[in-house]
Amino acid sequence: MKPDLSVIIGSLNLKNPVMTASGTFGYGLEYADYFDPAMLGGIITKTVTLEPRAGNRMPRIAETPAGMLNSIGLANVGVESFLESKLPELENLKTAVIANIAGNTVEEYCLLLQKIANHPRVDAIEVNVSCPNVEQGGLAFGADASVIEEIMHCMRPETDKPLIVKLTPNVTDIQSIAAAAESAGADALSLINTVLGMGVDIQTRKPLLARITGGLSGPAIKPIALAKVYQAAQAVSIPIIGLGGIMTGEDAVEFLIAGASAVQVGTLNFIQPDGALQVISGIEKYCIDHGIERIQDLVGTLAEA
Amino acid sequence: MYIESCEILTHEAITKTVYRIVVSSERLARECYPGQFLHVKVREAIDPLLRRPLSVHRVIPKKNTIELLYRVVGHGTRLMSGLKSGELLNVMGPLGNGFDLETPFDHAVIVAGGMGGAPVFFLIDTLLDMGKQVTLIWGVGDGKEIFGIETFKARGVDVQIATEDGTVGKKGLVTDLLIPFLAKEKNNSTLCGFVCGPECMLSSVQKLAGKTSFPWQASLEERMACGIGVCRGCGVQLRNADMKMVCDDGPVFNLKEIYFEA
Amino acid sequence: MKPDLSVIIGSLNLKNPVMTASGTFGYGLEYADYFDPAMLGGIITKTVTLEPRAGNRMPRIAETPAGMLNSIGLANVGVESFLESKLPELENLKTAVIANIAGNTVEEYCLLLQKIANHPRVDAIEVNVSCPNVEQGGLAFGADASVIEEIMHCMRPETDKPLIVKLTPNVTDIQSIAAAAESAGADALSLINTVLGMGVDIQTRKPLLARITGGLSGPAIKPIALAKVYQAAQAVSIPIIGLGGIMTGEDAVEFLIAGASAVQVGTLNFIQPDGALQVISGIEKYCIDHGIERIQDLVGTLAEA
Amino acid sequence: MYIESCEILTHEAITKTVYRIVVSSERLARECYPGQFLHVKVREAIDPLLRRPLSVHRVIPKKNTIELLYRVVGHGTRLMSGLKSGELLNVMGPLGNGFDLETPFDHAVIVAGGMGGAPVFFLIDTLLDMGKQVTLIWGVGDGKEIFGIETFKARGVDVQIATEDGTVGKKGLVTDLLIPFLAKEKNNSTLCGFVCGPECMLSSVQKLAGKTSFPWQASLEERMACGIGVCRGCGVQLRNADMKMVCDDGPVFNLKEIYFEA
């Protein structure tokens, strides 16, 4: 018997719990040569900003032990071009499309939301308050519960679509920030964005990234992500979308057990373009092997050691 | 644009640090064109995590084989050098936009430095098949890294070698050979320039190319994650302030348009 | 020509910049069968507390991608037994001995310091305000600049020996905490202690650690540690001792360039008992290859990208 | 207590998941005693990061060989199973305190469950050399994992087998064989019990052992980092509330003193 993999995030119905993470799957169709993106639970598009951005100076990616650093700096086509050329291409795609936005100021978040929220192809909005690679906003916003509240208070009245707040792990107390986002009206949380990291080229003594520090992603951060997801799940009752280092269905199941209702895969896409599908089938196999009929029965079922 | 696990047919050391790996793939042999690259997972493991971009060095369509030529420079290539024939090599590709050979020209001048020699073999094979005249100016540090040039000479290629150690050809840099060549040919509009090599070499050739009246194509290198334009990691700055992705918009660009910091 | 590897940390002279990290090298002699510990720059002993501690429930270690989790919980012999049976064994050991202490309260830190500071074999004291695996104190102390100040104000008058404060990376703003420790009288900082992490056994649905979360160490955290060291080095002028994921001399050189005056190796000891020696010889080789005559000339020399 | 890179002489699958690896080391062949373990780095890489503890399965002193017997259960053992003869295996050891064979006894009853069979071979070889009488009660899930017992029988060992699938010996658990054995022997003070296996088995045997008047030695397993008592990761709780380290104080403990949660 096939397990029921469907998931509900606020008013959003996902056919399965696996989405592709913002910044690692383009605007939705870039990987269409490798597999049909309609098979995903959902797609989270690259963060868009009010204006197009070229991003930071090169080099802006580097490899680390079981991980990678990036300081892309939200390179994106800008919200207008997103609305005009990117979203229409997804019109007939049979999966959820979640638009990810980031502003330099609280007002910009609001403006962005107003521009995209009514677009019929936007099924939900992920609010990126956690990019470590920009001068304004970004991580500094995400580390401050009161800024998150401000942003949410300004956005919440503008839309009934699910607002998912994407949190940074680079904070002392994830629980108070998660709770603040919930009480300010978030429908769900996604965590984690990348972990602040750095590398040095010892031959040239230059930092591996021109911007010196950047965001660490990939398997190396999985234990950190799991801890944050677990902690946040203890602090809020809205659904949590877990991500950080997921490479296999088994990894995804760890997040579900720790308290995530759904997951995202990021860096994996770069290494194995159809990796997200393998994550879905790995979850499915786990459910079959363990007699789990509905994936939701797995969520937050961490046993006592 | 697919992923494929190709059987390794042969894998041999050309010098102490340069290896040639021959893999079998009917599809790649059919689809690759010069200047494209494969994105290689050197082993099934989370370390090294990312794929490694390597140019298609040569294609033997009759044998359905693809060759890669690489230098051991770090963790990934070191592990790769340990692969044995019979094992599988997982590759994505062919990726990127290779050289534009449709553009009208009769005579190709190819400037290659170091491992920039890798894609040049496939390029020359193709140009010769197209009936073009070819001049190859190839510079390396260590003369041992020069190989295969007798076959090219036999097929009519004008081969000029510069080595830093002076063991083969002229002692010096490729520019030492390119300058006299351009002194004669810089206004020859039947020419097209091709250049592959480290950034410092591209930048010097760009200065010389600026004074020529014919077009130049350069193959660039930049650290890559996705290899297909998604991660936005592998940008190259153009002189008009545009940013392009090496993996997806390139790796071959119009040399004259590239902005080099140095 | 042999490079000069010696390092000065406050009033402490180290023959080379490589020390073994607290909790990963016992009380100093456990690895003596594998190599002579006198070859190290220094030894940092396992954290001692006022009373002996058995530590947390099993399982309390687990492997993760390129890392390991531990929730040992400061299992140690207690300060009395440390003074009576452990320190005397080190009497003739020709390297620096740095005693690491942790209290449940500010007062306990003081008491511990009073007990050990005058012992002739204690060359410096590392103050652990960053253990993620204890109910009281630990990480909560290390995340609070004012608690660190309190601890330092109480300890500083008691000794002239170098006080090294060991910081946790699990904070929003490492710079303000580093600066607080400096202004409260720390002679040096060491960072990082482990990163909070977690894992799940998907067969049993139990957490990999009985205590659920624990501390992540090993190569996975190297980029995080480098970023914290770099950031702290921008905020203080006292020496920084860098650690987190160092496996080779090259890794250590990254920390030196990023701003550390010395380094510690932790998890490496478990995998390669004489790994610390290889780190020393790797650093030496780097210096020779790059014409660096004094290791101190390398510290904080990060170039512009 | 050293690190050594030992040449792999042979490496063979006993069943689909159980492998025997034979390595060469004059030093280990001389120093190991039954119940000790080696701490194995399955490959030179940061993943898997930690060493894996594996019991010394057998020592052939004349050949200077050490054998390990292991089951593929996860990432590390899966990679280990891919090692080829001729390659090197990096091990620390011998580690731990093995079985106490000085204690006075004439007859050893050895209870082994699953991979608990691994250290038992070395133990039996040694006991037979010492002229002791040996009873082996060995239980496994899959009868295919039973091997080598004919030789033991030929040397006079009383071998009793229980398999869960019933393909060899009695269908059932080791305790189904141990209970009748103890019914006769429980007050025989010339006996000594040895037990190796999963925790649930140790705990059932402990209950039975509690009613015997002779001593029992149990070999324990716990996740390990350092393997030498430094990291304090591999604790075992004793009934007197003491905590001991499996790697350093054990892996062999007095069965009756161990505190089992279940």
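The first chain written gets the first letter, and so on, giving A, B, C and D; residue counts start at 1 in each chain.
As a working rule, contacts are C-beta pairs under 8 Å (C-beta built on N, C-alpha and C of every residue); 3 or more make two chains touch, one makes a residue touch a chain.
Quantities reported herein were computed from a predicted structural model and do not represent experimental measurements.
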Which of A-D and C-D has more C-beta contact pairs:
C-D
Cα centroid separation, chain A vs chain C, in Å, comes to 34
Distance in whole angstrom between the CA centres of chain A and chain B is 37
Using Cα averages as centroids, what's the distance between chain A and chain D in whole Å?
47
Where in chain A do residues touch two or more of the other chains?
59, 65-67, 219
Among all residues of chain B, those touching at least two other chains are 46-47
Are the chains arranged, by touching, as a line, ring, star, complete graph, or other?
complete
For chain B, which residues count as touching chain A in their complex?
1-3, 41, 46-51, 92, 222-237, 243
Can you tell me which positions in chain B touch chain D when the two form their complex?
45-47
Show me the residue ranges of chain A that touch chain D in the complex, using the header's touch definition.
65-66
Enumerate the contact residues on chain A facing chain C in the complex.
57, 59, 64-67, 69, 143, 170-173, 195-200, 202, 204-207, 209-213, 216, 219-224, 226-227, 230-231, 245, 250, 253-254, 257-258, 286, 301-305
Under the stated contact criterion, what part of chain A meets chain B in this complex?
23-26, 30-31, 33-34, 54-55, 58-63, 65-68, 70, 72, 75, 218-219, 247, 267, 269-274
